[in-house]
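Everything on this sheet refers to the single structure shown next.
By written order: A, B, C and D. Residues from 1 in each chain.
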């Protein structure tokens, strides 16, 4: 059975996911589109033969929509996700799940009341082959308990609109999600330190930033976020355990020896780095919708946790690097917790 | 428009391609299946809702078949491909195009008479990201003219049924195709040398083998074929040009440091190594069928060339390593030649 | 002219340096030896044809001693170094220069009064080829200003006598010295964090430890010290600048592919890793003594700085990870400062 | 005891070895120098306080010379080595041992008559850490019997005086020696193939060349010699055995990420690549002379074998790539043989 997907938000990321559901992933069809800009919605819908809806609520209610994809403006996410839960329809929500911890909790509560998981949040790293290999190694126990994780998240440049808090909210949030999953552990405190800033940036921006996280099990994570590193898009992760370490590979690329150098190209953006992860993310999501099972990706709880932890990081940044305790509610049983 | 594919041959490779056309690649649907084992055909067809046909010729003639996929026993390839050409339908033929140079030529002649290219042969390496990067580097001219190519094609073990000539026919044939394309050059001679044989093999088999090829431009290729190398599936290729070299990467994999070793896992079979290449191969083939354009992959001429060159390699092996000149017809204009 | 060296302290490290001065480095001869254990002194001296002296002061005063090597027990270093300065003789002092900041300052003051530098402290990393290449890259300016340094100092296991404060005093002190030199910058604060401890250690030991340093220029350094990492001796250092990064290489070692793994051996102790650095350290020291020039290696001031900074790290460890400001005197002109 | 070395030939290589014996290696002293250019001999001798001798024979006869180093013009090597054997003095002879197989055999015969080995030939790769690690791995048997060796010997550029036969005589001869030792096997045939020549060279030169060797045990060696590869000095060697392979590492060098590239510098000449090997070569030679034991390095027999094998390669080059059988005498018992 083809899964009929309704898409709320036809901007850049929405269009890219529509392309993915149409051209890359089998088993899905985009049947409905809505956007605050109705002309854009119409244009995008026409390309894939979908119907345009005036609003998210209509789209969600449509009998031609089996599952909902939310790629609208962040502040509108919560409303659409809550509507989808109310309609009992699976919903894939691009990050963030909601812009406040309170709204995330409302979603968690609604899903809990519904009784089974309908929400998947769009953190794609859990679908990256490298992280999956790393998780296998960690889970195998061959390295003993994890003790330390060293990470770097580097990006060549950002536009002027990128602000200092986005280093946590938009950039580090990917590590926050994938590390909670990788370690099967919870982050309990966050700290953000600002080294000497690069001169290659807009004046208002603190870049790079060093983020330190502690987990419930005492694992320490250090994460360099450097969004104007100039040289390329570069994701590093190394987990140190009691008996050894495991490190993410660099993307495979031909090596060239010429002019006195042995070199390989560094990727220039996240698209090349995580294209396969995005594809796998949607392939598995569509499969879970088709099978009628709970989604395997990040849950509403994970979306809540990511928001609470990035909030803590932002508070640390705003208070000159104080260690900020993450104030997280007890995890409900629906998400593997005891509450 | 969905491309309706008829599949001739529902064995292991046929089933894998059916899975690919059904679950991985969008825009295609397997609508017809035939196999010499009708029960198997029925079972496979049932899984994907396809119709079973008694013979390849019926399947090709069906109005529900837009394009044909030939994955039957090698000696039957030529007949099916010729039928597809006669019907004016695009046909994807797994390697070999035909088991004799004569049959390959008959296909080339038929296609030439038809006036445009309908045939794509299933050499998937041209679709591998690493080889494509390498071709880009070579084509850019930054390394000057290519002079030498060093290759290795290693496989952990082979069953007893694998014979010495299969090293050229089934194994090296992949390098033969991809190197002709990579260098945009023709192979003019072949030589096969047998080093000391590994003791880790069946007695009848000469393994490893070293194959040396010369191209029309004077490029020298050395290829180690070692199908019982024990340690893994390992594909190496390095092209040396006048100003530098370019080397295929090893597949990306997490690195682990433990117990005194820094290590990465080596793949154990070709499936992991070329899964993406297979997917891309079919994605591009389906797109070309849908667009009504000539296929972008290996042509009938490439299938002929591969057969003629492997024939030369086999003759060299059979004559104790004599250098054997490749006896190739002039390339017709349809395939970029002047004949 | 052969430099005649008198050695104070004939223990393990003293004997290794005597071997180095005798068998590896040209231009030097060990002519005098003393040790608190006179029998050991006699035995070691006999091997190289040196004279035994009853005490360091006698040895230093000997007309057969051009330069002094102090490899005795740490708490005795200051006295011997001060005596050598008083005698106007070049002195190479193994780390630490002295066990207290006060004693280090006494040496600095004595040298300053003497008017030229006589003291070299035995931090050998400045003589390592990798660190030297890294310094060249940083100094070239091609990466812009350094912003962050990520380091790891891992050791397979330590004996029970190793205590938590030694992670800073004996282990991290090498990074402290080499990073001050690498960055040409001063460390102004230190912090020591204790992640979950490995279970592979003696109960009294906090291992691993994470050390964070800030420099006067705002560079942030993170250093993982893990002395029971089990898998090997592993030194990592990566300096991130405004336009790129530079990373220390792993030691060259043959790669082996076998049994499904591509692997290289990890060294098991510091001897293999820094043998060449030790040789170069002594080669350059002997050359400076022979030339009558000031030593090129770490100065008494560097020895003082290392002690003050490790003191700060120890205070941080003892106070649950508080950030401790390094309390350093102004740098005298003799050492490139303005005081 | 200091070994007193007399040096015959004070040209560039002679001076470099004199520097090594004087400044780098302990236990030796250059006490005598001679050169066809007496002024040069005088100048070089003055630098190290050595006596100048009018001719090699006088120098060899001098009671102040314990051991002889021959670094004169190749055609004069045999005479000096024979004189040293006649005088019963250890002699280190730079490659080649002699310029003809006949002269090499005369030396072998003389040494055999003398009854113990006095001669070491200057092939330094046996002292390189990477090759030594590789030999350890091969000898351990963990990879089973060696079957194939892939090598490359690349050099950025050569002057116009470099001729096509020098690719075997001066360049490949290093691989010829080290591979015989690495495999503990004898080369029985040689073949030289000339791919398309690089346009980056003088017109008379065939470059690159591919050399194929077969050993008595059936191992096949392919060696790319490319002396105008432009990009750097690059030595590659990979030995493939029945259960895996072992590959020489690239020299350790810092990695830099900048401007979209991850790169490491490639060495530009052999000095950097083999400096440590040269030092170890002389350190071990001096030690063997001092100990009065037979030298551990390449013997007169190895020098003979290298000459005979390069002769075969040259004959192959001169006869358009014919396979040329190596015509080697039976190995005398003095060199581990049975003759």
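Here is the rule we go by: a residue touches a chain if its C-beta (ideal position, glycine included) is under 8 Å from a C-beta of that chain, and two chains touch if they have at least 3 such contacts.
This is a predicted model, so every value here is computed, not measured.
Engineer: Based on CA centres, what chain would you say lies at the far end from chain C?
Structural biologist: That would be chain B.
Engineer: Consider the two chain pairs B-D and A-D; indicate the one with the greater count of contacting C-beta pairs.
Structural biologist: B-D
Engineer: Please work out the Cα centroid separation of chain B and chain D, and write it as a whole number of Å.
Structural biologist: One centre to the other, that is 44 Å.
Engineer: If you average the CA atoms of chain C and of chain D, how many Å lie between those two points?
Structural biologist: 38
Engineer: Mind checking the centre-to-centre distance between chain A and chain D? Centres are C-alpha means, answer in whole Å.
Structural biologist: Computed value for the inter-centroid distance: 59 Å.
Engineer: Enumerate the residues of chain A that touch no fewer than two other chains.
Structural biologist: 230-231, 243-245, 250, 257-259, 264
Engineer: Any idea which chain C residues touch chain B in the complex?
Structural biologist: 230-232, 234, 250, 257-266, 268
Engineer: For a test of understanding, state which residues of chain B touch chain A in their complex under the given definition.
Structural biologist: 22-27, 129-130, 133-134, 137, 142-143, 243-259, 264
Engineer: Write out the stretch or stretches of chain B touching chain D in their complex.
Structural biologist: These residues of chain B touch chain D: 144-145, 147-148, 150, 152, 193, 195-200, 208, 210, 212, 217-220, 222, 224, 226, 229-231, 240, 242-245.
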